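Each of the two complexes below includes chain A, the first together with chain B, the second together with chain C.
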Partner chain A sequence: MTTLIRANLPVLVVIAPLFVAFILPPLARRIRLVEALALLGAVLGLGGAGYLASIVLTQQENPFIYQLGGWPAPWGIELVAGSLGVFFLLVVGVSVPVLLFAQGNLAAEVGGAERVTRFYVLYLLLVGAMAGMAVTNDMFNVYVLVEVATLSCCGLVSARRYPRAAEAAFTYLILATLGSALVLGGIGLIYLITGHLNMGFAAQELSRVWLARPHVVLMAVSLIVVGFGVKAALFPLHVWLPDAHSTAPSPASAILSGLAVKGYLICLVKFLYGVFGPTLLQEFAVHRILTLLGGVGIITGSILALTQEELKRRLAYSTVAQVGYLILGFGLLNVTGLAGALFYLASHAVIKATLFLAAGAMLAATGKRNVRDLAGVGRKMPITMAAFTIGSLGLIGLPLFSGFIGKWYLLLGSWEAGLILPAVAILAGSVLCAAYLLPVIRAAYFAPAPEEDWPDPGRPQKLALLLLAAAVVILGVRPGPFLELAQKAAAELLAFY
Partner chain B sequence: MRDFILKRAASLILPFIFVYGIYVILHGAVSPGGSFAGGIIVGLSFIAFSTIYGIEQGRAKLPEKVLVWTESYGTLWYGLMGLVGLVRGVPFLANKLAGVDLGTPGTLSSGGLIPLIGLGVGIRVASTIVTLFFTIMEEER
Partner chain C sequence: MLALVFALSSGIIGGLLVAALPAARTRLRNMVVLFFTGSGMICSWLVARQVWAGERLRFAGQLGGLTFCLDPDPLGIVFGLIAATLWFFTVVYSLGYMAGKAHQRTYYAFLLVAFSATLGVAFSGNLVALYLFYELLTLTTYPLVIQERSPEAMQAGTKYLLYNLAGAAVLLLAIVLTAAWGGRLDFVGGPILAAGLKTGLNWLLFLFTVGFGVKAALLPLHRWLPAAMVAPTPVSALLHAVAVVYAGVYGLLRVVYSVFGTTLLGELGFAALIPWVAAGTVLVGIIVATQQDILKRRLAYQTISHLSYILLGAFTLHPWGLAGAVLQMIGYAVLKTAFFFCAGIIAEQTGVTRVSQMGGVGRSLPKTMVAFAVVTLGMIGMLPLGTFWGKFYLMKGSVAGGKWPLALVLIGSGIINAVCFIPVVVRAFRDENKRLSITERGVRVTLMLVPTMLLVVVGLGMGLFPGMVWPAVQAVVDWFF
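Let's turn to the complex of A and B:
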């Protein structure tokens, strides 16, 4: 049994959540069972990811290559659990505490048992798709997983009975479908000139043929960058994100902002470095464009976040800014910068999940959306606000919190690349981040507490918040294996440069 | 609709459409069509039934509960067929490698597990399209 599981780990981490997702719908009446099963599905995924990570990290098999159906690489679909894949699989583990937070209190936000079950089904589909994006090495497979993830996200956004949520989901659906179409176009062009859908083979072929057809390659790069850019809310294409992420139910906001956006970014990394390769990126100056858009995204996203009164909208705009950091790191084209971006991706996944869940708990307890009305909440809901504070400090990038290490490596990376402006943008982003998050904390702790009774959320919710907050601190104090994995992944991606 | 001729004709034709859909689903590996197209045909036979005999009759034939079951477990069936490979000690979704007899080329059994996988997909597609139809029709009222 163990050998069976070990031999099939890369596919099991993907299909475990999917299997559970499809068991759930007929059980809608027994909501307790549905919740327990959903949690089980996510925990199984995380457990598999941990086991896989232990195999890859101890160099027993690195990368762990798995051929679906036993068909070898250029013909069959290949799953590759290398450093990057395992790294993102571990990040997908954020879905476990978020699901823990959802236990027992979704009905208030989403509606009856049937709607709650639908939420869990979509959630697990999203988790499965994210795990698939982490390990797949086939371009068309990426497209399919992107579609699964996108449609699940739309369902999650509209899970609440709320007209604004439906509107946001519709906007998101249209823009995301446009993004998928662009990605598919890009994949089609690559397939047209290389004849391969496997990323490794396509990359080899592309390095031979791109000189003969530079315009096709340029077109493919642009389609892929713009397509994933729409989905990952890259700066000028972010218009759907604030509405979608702020109107979704809180666990959905946490998973959408924390994880879903990152899945598309991992796919983008796979395409940029795994298919096109750094040399081609440099040839077309794609890396400059990425750095520029990232830098502008940091500043604009942060300023827009500063102007938001509603707490969840402020956090959603902050996601746009943080995506800017990642994109900026992808464009630096050196190991330090890319490792920093990858580590920041993991740290932002944890931090943003913490912040959104804490904001959701406050919203549920107080019924107040705006930052101004939340004065004094820190004394009434100590645990929630403590988690929020730790998350905020992490996002600002203070030492001892996980955001610091990512930002530090990004700074070193831009220094290495000899670029001053990205470094300025990174620092300015931190200052702006402090400007839009610290007032929340100040008002929460130092304003007089109101008369109303605002209780902390229930036990599973508190546990989820504490777990996430602990992860923020642990990643900041002892980044050890995680940072190592990020550096190894970055080194492998830039190996031929 | 209270059209006698339509109802009689439908009662003659619809069973054949249904069976033809199943045929297309199962023979996806050896003939044009496949589980998606076949599933649509199967679903269509139910949709035509509900338009001709009325939504209530259609609902009685396929209650919501049945649709939920077929929709989720049709997909699950696909996954279970993939596990056949795992159990035999070969990769997920393996067909011939899993020791399935592939029979003579051109016949139904030459697909190995594919007709069975297709059956799951077909059931899922059929129930999805029927669900969509019922949802749209009930929204209009």
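Let's turn to the complex of A and C:
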């Protein structure tokens, strides 16, 4: 049994959440059971990821290659759990505390018990798709997973009966479908000139044929970058994100901002470094475009966040800015910068989930959306606000919190790339981040509190917030396997450069 | 080693304890605050004794691939002792000053945590630790700045945060570049950057100067300091005349002697410019101070001026200049704290906050005003007070370092200081007819008056017996030259 599990681990981590998602609908009437099963599905996925990580990290098998159905690579679909895959599988583990937060209070969030099961199904489909993106090594498979993720995201955004949410979901649906179509076009072009859908084989072939067909390759790169850019809210393709992420129910906001966006970015990394390769990127100056867009995204996203009165919208715009950091790091084209970006990805996943869940808990308890109206909430909801504060300090990038380490390596990376402007953007982003998050904390702790009674949320919610806040600190003090995996992944991705 | 750990953690432990106590338990809270600042102070002195005896107290940890270490050296010890000792005095003064005021629990909790952050800055052994505590200091002192919660205080607090966080961001960039060029970040083992590579070093020095210059209130970056004077007087005394601004000054001393080293700095064009920026800050600060009517603002601008004395000394790159800078650090901290304490007593007892209203104050509060007068002499740099020796060595250093106009700037600044404060003293003792019916009796005033008097005595002692502090100064000079 154990050997069977171990042998099939890469596919099991994907299948576990998907399988649970499929058995949930018939049980819809028994909400308690549905909740427990959903949590179980996510925990199983995380457990598998942990096991897989231990296998890869101890070098028993790195990368852990799995052939679906036993068909070898060019014909069958290949799953590769290398450093990058395992790293992102661990990041997907953020879905567990978010699910924990949903326990017991989802009905109020989505407006009706009958919608709860639907939410969990979509949620687990999204988690499964994310896990799939982490391990798949097949381009068409990526497309399928991207579509699964997109549709579940759409469903999650509109999980609540709320006109603004429906509108946001519709905008998202149109833009995200457009993005998928572009990605599919890009994959088609790569297939056209290489004859392969497996990333490794396509990369080998591409390095030989790209000189003969430079325009086709350029077209493919553009389609892929723009396609994933739309989905990952790469500036200036971010227009859908603030509405979608701020109107969704809180656990959905947390998972969308924390995780879904990152899945597309991991796919983008796989295409950029795994298929096209750094040499090709440099040839077309794609890395400079990425760095530029990232830098502009950091500044613009932060300034837009600064102007938002509504807390969840502020956080949503902040995600646009933080995606900028990652894109900037992807474009630096050196191991330090890429490792920094990957670590920052993990850090932001945890931090943004913390912030959105805390904001959701405050919204649920107070009914107030605007930062100004949340005066005194720190004294009434100490645990929620403590988690929010820790998340904020992490996002600003203070030492002892996870954001600092990511920023440190990004700064070192931009120095190695010989660029000073990205470093300036990174630091300006930190200061702006302080400018849009610290007022929330100030209002919460140092402004006079109103008479109303705002209690902290229930026990599972508190536990989820504490777990996430602890993760922010632990990643900042002992990043251990995460930093190691990020550095290894970056080194592997840039190995032939 | 144990002393180092306890010196650093006493503030945090005490702060958490205060935060956990119910707000109404005033007496118990006061005991806790006194105990933890007192023991923090004693432990700092123990650490100092060990370091002076030649021991190395290195305490290193990992922070995500970065080494983080505490490793006090003689320069750090000087700053640490100034902070720890004055903290205790300030806490005693606060017990009187804050009695009956609102938000006391927040005040004491953050005052204690800021104590740890300051000692952390002083005792840190590399740039990562220094940066960590530097940021921590900004955040933990913010609640103290906005203590009054008035719109003016909130505005000042926002300015304070933004200036300091932006400065720290620039500092982080400088630290990353240092790590990339120097390959290490530890202070021990000579300057981090080796002589020889020169391209870009001017920029690096510029980044460091801006990063630490914000807290050191170097001229165009000083705006937060006068604004932050809305804080309660003990906070102004401690943080905006000593701890926070000294963290910036201390950082710049570190940059000069531990990051670049005097040899390398001697070759950099920008390093030759900084003493003149400092000299300009000295003069402009004190001239602007003469124009201020609000007493605390006058003191604030004077702080800006006097901090640059220290920078000026450090950038003479001469042992005497460094000795002068260290002496000035010690002497000025003691007297300026006393100065603020006096202003606080005057404001609390008579409600007078403006220089123009000072008439008759000297008759009602004779002890306070005598202390004020003695401190004024110290600010001018006259002999029976410790600051004389600082100024003496600063001038000696600037002449020996080949920058004799700096000595003239120092003399000029002394004269303007006299113009700035002697009329205040004179006015306070004249105007008999406006005599106020207020006395210096009562527990509250005594709690404020005793630390003030003691500090003035210490200042006098350092002037009359400079040998008292000289070993500490000698240790710093020997460490770097």
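Quick notes on this structure:
Here, the second predicted complex is superposed on the first by the 497 of 497 C-alpha atoms of A that agree within 3 Å, B and C clash if a C-alpha of one lies under 4 Å from a C-alpha of the other, contacts with A are read in each partner's own complex, and residues count from 1 in each chain.
The rule is short, and it goes like this: a residue touches a chain if its C-beta (ideal position, glycine included) is under 8 Å from a C-beta of that chain, and two chains touch if they have at least 3 such contacts.
Predicted, not measured: the structure shown is a model, and the values here were computed from it.
When both complexes are overlaid on chain A, the residue A:A102 reaches neither chain B nor chain C.
Comparing chain C and chain B on the residues of chain A they touch gives the larger count to C.
When the two structures are aligned on the shared chain, A:L4 is found in touch with chain B, with no touch to chain C.
Of the two partner chains placed around the shared chain by superposition, chain C is the only one that A:W408 touches, whereas chain B remains out of contact.
Contact with chain C, but none with chain B, is seen for A:A428 once the two complexes are overlaid on the shared chain. Within the superposed three-chain model, A:V142 lies out of touch with both chain B and chain C [touch as defined at top]. Legend: residue contacts after superposition of the two complexes on their common chain; A:A365 is shown touching neither chain B nor chain C. Shared-chain residue A:L68: touches chain B; no touch with chain C. Legend: residue contacts after superposition of the two complexes on their common chain; A:A49 is shown touching neither chain B nor chain C.
Residues of chain C that touch chain A in their complex: 62-66, 68, 128, 131-132, 135-136, 139, 143, 146, 149, 154, 157, 161-162, 165-166, 169-170, 172-173, 176-177, 179-180. On chain A, the positions that touch chain B within their shared complex are 4, 7-8, 11, 15, 18-19, 22-26, 28, 66-70. Remark: chain B residues 65, 68-69, 71-73, 75-76, 79, 82, 85-87, 89-95, 97 touch chain A in the complex. Taken in their complex, chain A has these residues touching chain C: 393, 396, 398-400, 404-405, 407-408, 411-412, 415-416, 423-424, 427-428, 430-431, 434-435, 438, 442, 445-446, 448, 475-479, 483.
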